[in-house]
Amino acid sequence: MSRKQFIISAEGVNKSFDGFQAIRELTFYMDVGELRTVIGPNGAGKTTFLDLITGRTKPDEGKIDFMDAHDLTRMSEYEIYRLGIGRKFQTPTVYTDHTVHENLVLSLEGSRGVFRSLFSRLNSTERDRIEDILKTINLSAHSQRKAGALAHGQKQWLEIGMLLAQNARLLLVDEPAAGMTDEETAKTGDLLLSLAGDKHSILVIEHDMTFVRQISQGRKVTVLHQGHVLCEGPVDEVQNDERVLEVYLGRKARAA
Amino acid sequence: MKSNRNKIELIIVAIAAVILIVLLPALNAAGVVSNFTMSVWGKYLCYAILAISVDLLWGYTGLLSLGQSLFFALGGYMMGMHLMRMIGDLGQYKKPIPDFLVFLGWEQLPAFWVPFSSLVFSMLMVIALPAIVATGFGYLAFRSRIKGVYFSILTQALTYGAALMFFRNDMLLGGNNGFTDFKFLLGADVRAAGTQRGLFIATAIVLIAVYGFCRWLTTTKFGLVQRAVRDSETRVLFSGYAAANYKLFVFVICAIIAGVAGALYVPQVGIINPSEMQTDKSLEIIVWVAVGGRGTLLGPVVGAVVINALKSWATRAYPDLWLLMLGGLFILVVLFMPKGIVGLPAQIRGLLKRKQTPSALATDTAAATP
Amino acid sequence: MFQSLKKSILAAGIATVAVLSVQAQDTVKVGILHSLSGTMAISETSLRDVLLFTFDEINAKGGVAGKKIEPVVVDGASNWPLFAEKAKQLLEQDKCAVVFGCWTSVSRKSVLPVFEKNNGLLFYPVQYEGEEESKNVFYTAEAVNQQATPSIDYLLAQGKKKFYLLGSDYVYPQTTNLVLLEYLLSKGVPIENIGGGFKKDESGKVISAGKYTPFGHTDYQQIIAEIKQFSAGGKACVVSTLNGDTNVPFFKEYAAAGLTAEKCPVVSFSISEDEFRALPAKQLVGQLGCWTYFQSIKSPANKAFVDNFQGWLKQTTVDGVKKEGRVTCSPMVLSYDGVYLWKAAVEKAGSFEVDKVREALQSGLSFNGPGGKVTSQKNMHLTKNVFIGETKADGQFKILKQYDGVFGEPWLKGTFKPKVATK
Amino acid sequence: MIKLIFAVLLSWLLGASIYAATPREIIAKALLIEDSEEQAKLVTSLGDSDPQEVIALLTLWKEGGIFLNVDAAGAKVPVTLDEEKDGEGKQLAHRFDTGAAVGKLLASDLNAAETDSALRLAMKSVLDMAQLSSPDAKKRQEAVETMGSEQDPERLPALLARQTRETDSRVKRAIREAIALIQLKDENDAVKIAACNELGAIRSIPSQDALKAIVAEATAESKTNLANAAQLALNEIAKHVTFVNTAGTAFRGLSLGSILLVVAIGLAITFGLMGVINMAHGEMIAIGAYTTYVVQCVFGPGLELSPFGIHIALPGMNATGTLYNCYFVLALPLSFLTAALAGIALERGIIRFLYRRPLESLLATWGVSLVLQQLFRLTFGANNVQVSSPSWLSGNWTVNDVLFGWNRVFVIVFAVAIVFGVTMLLKKTPLGLLIRAVMQNRQMAACMGVRTERVNMLTFALGSGLAGLAGAFISQIGNVGPSLGQLYIVDCFMTVVVGGVGNLIGTVISALGIGMLDQSLQQILGNPVLGKILVLLGIILFLQWKPAGLFVTKSRSLEN
């Protein structure tokens, strides 16, 4: 029996912090080439889930496989990265004391070894690629500025640019639209949509429902609640799911 | 503007190189500059090399190691062992083995002392021993992700333990007295002005070379990763770099640099004993770097020279107040001058600018915090 | 950037220029090389004080060979390479005719090559391990046979049969204990009655005797328990070469374990009146000390010395001289004796030249110091009186025994042959 | 009889009238003699006098309670002083021989009548005999032990006589031991063998040397039975020694662990809960120790200090006896207070600017540590100062030859009390609640109206105050000097790091573990340094296994 390969498959994952159960019996599958959006209220375990995939924290129980072949729970962050899993953090995490250009150089795909790094010089293809990315993320004019001096939205873009430079197979994108203008948000959505395909699979965590609608377009959306999957399905279906309304939108409404 | 600054720095270094390698020794040979001044400055230069190694670790990689004095002393001990062998039978006991071994009742040289008769082997050990210790300790520490203050505390423990060990007479390394009374190096009288001049020139060359090496290192992609580790180690891991390997590499390189500095230091000051490897000394080196300006390569050199010159003067003029000065200076620098002397002009410019455009504030403070 | 460099050069310049000063015709420069800061300042500052006092005393009487003494005081800062640097400074820059200084063995070892190279002259005043003889150092210090072996004689006479050797781990205790081991064996004390443990090399030769603790050691529980068992059978004593600081936890623990001077006395070679001030006096009453001078010596010379020194302390304006609660002790008196011997030597030689002064010293000069008559020897050591004293609650020593005119012998190891087992 | 004649002869020699002198008269005479051998003879002659009076008078002499006053005629008169002091500190003096008052004198003007070791040996011998009938069991025991170690057959009858009357079990055992020891010197081998058996049965550690001598002697004279008996006894004792050493090591480990705990618990709070690396923690300990010193001086003779040329004189209370012994009780809270105040100054002045920069707080506090050390030097002098323990802290219990020093027992109790107190403070008081809230989430607490600045300050003060308490204690067992703090700082950090930052229970376990390990290694290796080095090495390896220490506080925000 042949089935499509899973880019990520998580089964029976549990994780708790000092008694707080952040992830509970989580089971999650995602196909190669998919663009998946994960939504959920605060504390639903979204970011922890990304931490688990990228090796930042280790699960108490359960397994997380990449391409059905690599057990991510046994690998360290940089090994997971080298498999082709890139991550954009919730708060923009760039090298503040490096220039924009240097940030991209550091993220460019290629060897990560200590000794190679001593003698590696950018070749013309790589230089062109950085130029391209700078154009894409609209930071060409700022390439020699320190990343720490950028505005919040620009940092978000830079981080996305770093993901692009990495040319990852799986992109984990945590709230990319936060702090962006509507126009920028739309542009980000377009960029993500254009990337999704056989070469890249994308997992987006988002709060902004407009943005979710824009990028999901009938694709599967996963709702997390209290550390496990509440329901999955197209965005309209999910939005009308009673359980979802109760735990998520209901809360949101109350909070507002 | 940046390249402009680089140019200025290069010019300074070139001038310093000429002064240190050619001019001072020539003046000394001509009798204008006294042997005493030369010996004092020779010591400062060794300290400057050591300070660069600390800065490469702390200023560039964010590793505040309290173990650099250990590597410095290890290098010194390796050189010292060779110098002890070179005394031959001119010691107090007129025996072919070092005095303290005679005193401990040894009649023959213990096996591990034998190869140190060779200068080449000793020089090799100057590099190898700090490298081995640094590799072993660094591997363990970085593998288990000990970082920040934990790393500092652990290196402190390592240094403390090593000092306790070297203080023991059973180590057969001279115990508390260490090694002194050196006589010959490469057949020349080690105390002669000419030999000391040669050592001075060697130290100056090594200093310039170490400076050049670090300059080069920090401009490579390695340098980028190195600083990235300092600023956000998590992000580095999520960029696919095995941060531990990078840290280990820098740690070992710095241990070697410190070891070489120690090896140059010992024949010039004429003694090495375990008090050189106490954690206080490590902290003192950190003061030099902090005062000079960390995260630059000129800063540690300036800091090492300024503080030690100040020390030479203050321990003579105000011995009672020296520690108050050192401690007070350190607190001031940490609180108010995060970029040290070298960063002072920029800091003042920044202050002036801030008055005009308050928006520049965010940038500055962000850069000041590691 | 230029600015900062300039600054550094300036600062360094100050440091070196400050050293140069004009040498007047009618003065002679004399160096004082002691730690005035750092861990050793505790002991060494007193020696600086007594030296300055002595210089003033001599200057008031017309100086040395008609020249006033001009002291050059430098701080070794308890930093051994710095000692070498400062010695260089005193000899090469200041051209001092003579230097009085050093306390620890390692500081002496550090400056020794400097003095030999520049043919300088150092007077060294503190009890030391011997095994050294340099033509550029005059040792007014107590040699091992002017302190350790007389103490053993005294203890043997008191009927002690068991000796526990304890010291700080550095060269003076190690050497002293090896000498004492040989000495005890030569006096017929069986090796099993010598406590503290031994280390032997492959051939079975003892290379280290006694128990050693590092500087700054704070926990003596285990060692005290060992001594308690060692002394359980009576007639035991402890021979301690513990260094100043560690004596406090040692004696506090000693007293707490119920060990007393009557049951098992401790003879210490590193506690003089000066160190004694920091020790819990009540718990130490009756413990023994051995020096070539005690403040409690009753002689006109000593009374004059103590009174004059106290008077000088009251009126001196030198920075950092503590005026209250001062005592005199052996290293201070040996510094004092040293200055007068040097004066006598200069006046006999009619010159400040080191070679001539040395010759005069080696010819055997005498001086009636506070501790009695001292005479310089050919081997650059000093013949002097040795006193055994026991501590009193007021921080002074009561003198129990005096050995007159003991010759200073630096080379003792291997000179005592074990007594062939009788019977 | 001979003794009596001797004494009479002696008093005649000394020009005294011929009648049986009272102990007081004999001692009064002895006091005025310069030659210590003559003094010793006179003292020895006291053997037949009333034991209680002899004990009282000789003890007074030994402890410096008798002074030699020079009267108007220039003659020396032995006097004693009343306890009571007048406004000028003068005490009423009485002639020692007659008890007549001779006016008010200042103790510091007088010379105490001295004793030297030869004289004290004689005193001891007389005292031992007298002590045999002392009402104090401890004194009887000491006297018996001394007689045993001297193996003097002349003492045997006195001991045997005492044995029949003795009721105290410890003294009884000591008498058995002493009798057996003396019997080892007997002519008769059978008696010797019996004595050997007896010594083996009571596992007498002091008899080891004597037994070894017997083994050697008997073997040389090929008396197999005797040699065997002595050897058997030695074997028994050796077993006992092993037990004593093991039990002693355990106790010493516990006490060392308690000391580590006491010095580290303040750090566990500042470092563990607040994340501040206070390199000046050691100096906080020193502040506590110096405070104890000052309190002691105020209870005693007063104190004069001259920091920076400013003269400060603290008057002393010249307290003695129980009151003086109480100084430590007052010193404890005061050392807590001064160190806490110093902590507040440090926190307000420097540390609060560096909460986000732990590495820099390490550096700045190291600067502070240098400054404080030098300030101690300038204020109290470079020398260590003298702190004497109150009498209730200097002594020991010996149970089955295992030594329990009171100071050590006290530190264990003290450690337990401090841990209990701190736990209660953190768990049960409003301040504790605030501290925990701020330490867990500073922003959240701030939002909820907690004055975090103030809580930080108080937490730091608490940590520093605990260091001060530790200092008060350290002054009782070790040095008090400017560099006191440096001796403990590495150990403190190790203890906290191994225990797991932010966890008091972890600190407790790690302190005890390190203490035990250190003492055991010391006992096994017979070398204090090697043990310490191995412990450090062990800690580095331990952190490989558990990088965050024994107890990890798991949290989501591992970094950033």
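Chains: A, B, C and D, in written order; residue numbering restarts at 1 for each.
The rule we apply is simple: a contact is a pair of C-beta atoms (placed from the backbone, for glycine too) under 8 Å apart; a residue touches a chain by one contact, two chains touch by 3 or more.
Please read these numbers as outputs of a predicted model, since none were measured by experiment.
Traced through touching neighbours, the fewest hops from chain A to chain C number 2. The chain pair A-B and the chain pair C-D differ in C-beta contact count, and the higher one is C-D. Chain geometry summary: the mean Cα position of chain A and that of chain B are 44 Å apart. With centres set at the average Cα position, the gap from chain C to chain D is 29 Å. Here the spacing of chain B and chain C, counted between their Cα centres, is 34 Å. The centroid of the Cα atoms in chain A and the matching centroid in chain D are 65 Å apart. Among all residues of chain B, those that touch two or more other chains are 164, 167-168, 232, 234, 320, 323. The set of chain A residues that touch two or more partner chains comprises 56. For chain D, residues touching at least two other chains, in rising order: 377, 529, 532. Every residue of chain B that touches chain A in the complex is listed here, in rising order: 217, 220-222, 224-225, 227-228, 230-232, 234-243, 245-246, 249, 363, 366-367. Those residues of chain A whose C-beta lies close enough to touch chain B in the complex are 54, 56, 76-78, 81-82, 86-87, 89, 93-98, 102, 105-107, 112-114, 117-120, 146, 148-149, 162, 166. Of all residues in chain D, those touching chain B in their complex are 277, 350, 353-354, 356-360, 362-364, 366-371, 373-375, 377-378, 490, 493-494, 497, 529-530, 532-533, 536-537, 539-541, 543-544, 547, 559-560. Against chain B, in their complex, chain C makes its touches with residues 1-5, 7-8, 11-12, 14-16, 18-19, 36-37, 74-75, 77, 79-82, 84-85, 88-89, 92-93, 105-106, 109-110, 112-114, 117, 131-133, 169-171, 174-175, 178, 199, 201, 205-208, 212, 214-215, 319-320, 413.
For chain C in complex with chain D, the residues that touch the partner chain are 39, 41-42, 45, 158, 162, 169, 192-193, 197, 211-214, 216-219, 221-223, 225, 228-229, 232-235, 245, 248-249, 252-253, 255-258, 261-263, 265, 274, 277-283, 286, 322-324, 390, 392-394, 398, 400.
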